[in-house]
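By written order: A, B, C and D. Residues from 1 in each chain.
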Amino acid sequence: MPIDLNADVGESYGAYAYGDDPGVLPAVSSANIACGFHAGDPGVMRATVQLAHRHGVAIGAHPGFQDLSGFGRREMYLSPAEVENLVAYQVGALAGIAATEGARLRHVKPHGALYNMAARDAALAGAIARAVRSVDPALVLFGLSGSELIAAGERAGLRVASEAFPDRGYRADASLTPRSAVDAVITSPERVAARAVTMAAGTVTTADGQVVAVKADTLCIHGDTPGAAALARAVREALTAAGIEVRPPDGR
Amino acid sequence: MPIDLNADVGESYGAYAYGDDPGVLPAVSSANIACGFHAGDPGVMRATVQLAHRHGVAIGAHPGFQDLSGFGRREMYLSPAEVENLVAYQVGALAGIAATEGARLRHVKPHGALYNMAARDAALAGAIARAVRSVDPALVLFGLSGSELIAAGERAGLRVASEAFPDRGYRADASLTPRSAVDAVITSPERVAARAVTMAAGTVTTADGQVVAVKADTLCIHGDTPGAAALARAVREALTAAGIEVRPPDGR
Amino acid sequence: MPIDLNADVGESYGAYAYGDDPGVLPAVSSANIACGFHAGDPGVMRATVQLAHRHGVAIGAHPGFQDLSGFGRREMYLSPAEVENLVAYQVGALAGIAATEGARLRHVKPHGALYNMAARDAALAGAIARAVRSVDPALVLFGLSGSELIAAGERAGLRVASEAFPDRGYRADASLTPRSAVDAVITSPERVAARAVTMAAGTVTTADGQVVAVKADTLCIHGDTPGAAALARAVREALTAAGIEVRPPDGR
Amino acid sequence: MPIDLNADVGESYGAYAYGDDPGVLPAVSSANIACGFHAGDPGVMRATVQLAHRHGVAIGAHPGFQDLSGFGRREMYLSPAEVENLVAYQVGALAGIAATEGARLRHVKPHGALYNMAARDAALAGAIARAVRSVDPALVLFGLSGSELIAAGERAGLRVASEAFPDRGYRADASLTPRSAVDAVITSPERVAARAVTMAAGTVTTADGQVVAVKADTLCIHGDTPGAAALARAVREALTAAGIEVRPPDGR
């Protein structure tokens, strides 16, 4: 079974540089590109599409709340209709930019607070799924493994990709360890790479040593941490060494 | 020969209402919908697409500078590359919103300061034409009759629509009378309607009574002036009475 | 005992007009002026300061979340430190604008979702009180009667003004009837005016006829509803007729 | 004669880091803090005020155009009235933030395109001077040496500080060498430091070796270039070694 590696990229803005896109992109198979609301601007989006395209990385939209000063990480309470329009707008905007490079979108992954809220709120999740299907029913919807967003995508008839996080701790119910806990974030490239390999096989080891099932079609590589590029390469090499092909999820 | 009537619509924003879209839309054949930079937001864009669609009015993008507080009317000096990306972003965003209503874009008309600057600056005009062609080569590019934007659209192989303004005064060289001059703006519905009919036939009468040629594929109806809806209806009725069909420009 | 009448004003933005400030301002004693985050821009703020100043109305800041497209009515989750800085920024900004007209601020009233969240969240309320005290300890802090914001203002040593809403229904515990309920909003000018008079005396009648105590130093007049100016005048006249002086709360 | 060293700081925004404020601030005597329009946000502004305050550096406002995506470097055409309000708003906002740290503003220096346009446009320059005087007549106005902004500040009765750039080439008329020319920017810390010393004495050497007079009350240190902190220290040490005191301009 192949697996996808994805990274959030294109999060610079104007004069502001963010992350290490040139370092991370060559190691992943899917690029989630910010769409100008929580990060990114039309020029950054275009340069990121170019870079991803050049490396043969699948291009996806990474829509977020309209909260540049909070980087889309702060919860905002919008109606499902507002979220649906917000997502359709941003996915369309990136599609417009991608067209200037002769590229097409392959997937959509919501960002930050929108991702987290849609993981647990079926109405928001449904709004996102509707927006994605309207803009292009061939797009793959990425969401937290086991979340409402994955369920909403399936109900909407979309191809979905369940996402897991090799650098995050997991609990016995396959949920993420809260960031406030010890071992919430794993920084050793070797450990992260080893976890990626087991996740590709469908399991994860919890902090207290249990092995639990986790569905992982795509693994997230964080691109805004020190050493992100090295981590991404370590994960990719470990997967390849284990005979696991790294490639984007099948679309339609 | 048929002619198009267009109006700028969808310029409300959040809690702010602007213009009289329900009054103006039924009378025109093309709707230029603001794309969230100088006016409009995803919810307003969607409601406007719905309304235009219901009236059988062709839907187009109305991209502008990112200057909500100035309504896109203040000159900003961006590079051609910045303008190209700005336009591709906004046209794509509206296409995404239109998709949620099963609608497709037919044309693009730049807004305000961007429209005026592109009328006289070949580099900006070329950037806009490239963006439009990239996003969808079937889109019709609207520009001031005789302007650099029309020339750039033709060079890019786009279908273009030369725009004239029946409520504006013209000079002997077929340019618009500056707004500071007497008779720069004509408010009488009867006079505007009569001018629309002669424009459809390819001429306009200047302030000092000369009849000069003006190419007019589409006539602009201003939707944000008092009595805009009545004016729009008067123009449409006069054209119909003169046996001139009102319909969107042919696309590809 | 005198009472204050306040209204939210200066909520226009650029080309967008909102509310009826010229109609409402002459009837009130305190103007809460939007500060550019949820509404208002530097030009609107200045024109509003001028207008309030001319009518002898006390000028106050009306800071809100940075959410122009949601008019500051959508909940956003910021840290108390973020809220403190947000408020200090906006109050300072209006003070800067007021200085161009030789005017000074007298009070601060948070807007929309920020007002509501600060009414029930002691940490947010404390952050707002700290910001106000830092910028100018003579400023009066307006908050919902009985709320955490009033308590925080008092703890911070600020002069506070407890606010009541003559056009809103109240429950037996002196809280507002939720907007979803019948009689949540009272539209009859006569009823609103009569309620204002009893509120000035310290009581309000609930939907089921009980008379309960409510502390009211200032009464809110909504300026963005049809007939707002007439309502404001009706309230003021009823108070005056009842021998109640309408004037801003005492500052320091 | 003492001289001032100033640097543009506080230009980070939300998750975006910019410049090397901790490296540069200890070497300068005046900090120009971005006010949230071209860069900076309330939290960044506060942290920057803290840092400057701790180093005993004078705090000033650095207002710019509302163009975050262009970092305030793109020309925008606003009316003088719009510019006046824009500046009053931003100076007031920073004063509000400074108050939370018990600090007061000492000066104002416009940013980027606004600085450049005000150097040559007397109407804009007058608008800025009026705004500064309204908010606080004791503020020192910084402007390009010999510019319209300095003239406007003097006409308005403000204390002004003429600014020179030790890392920029000068022409025989004491204007800056255009950035497109050879030797427009000087990167050697030794040369920049030596030029700072001669500028403090009132002269600058042009590219072709002429010594011309330049009035310099304050010298700008660019904080967003590689090696900015080392350059700032080199300049300060050279001035000190030459017996020139580095301190903020006298206010009122």
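As a convention for this text, contacts are C-beta pairs under 8 Å (C-beta built on N, C-alpha and C of every residue); 3 or more make two chains touch, one makes a residue touch a chain.
Model, not experiment: these values are computed from the prediction.
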Neighbours of subunit C that also touch subunit A are B, D
Note: chains that touch subunit A and subunit D both are B, C
Dist(centroid_CA(subunit A), centroid_CA(subunit B)) in Å evaluates to 39
Chain centres from averaged Cα atoms put subunit B and subunit D apart, in whole Å, by 43
Listed in rising order, subunit D residues that touch 2 or more other chains are 69-70
Subunit C partner, complex, touching residues on subunit D are 36, 42-43, 45-46, 81-82, 84-86, 88-97, 99-100, 130-131, 134-136
Seen from subunit B, its contact residues with subunit C in the complex are 13-18, 39, 41, 68-71
Subunit C contacts subunit A in the complex at 66-67, 69-70, 74-78
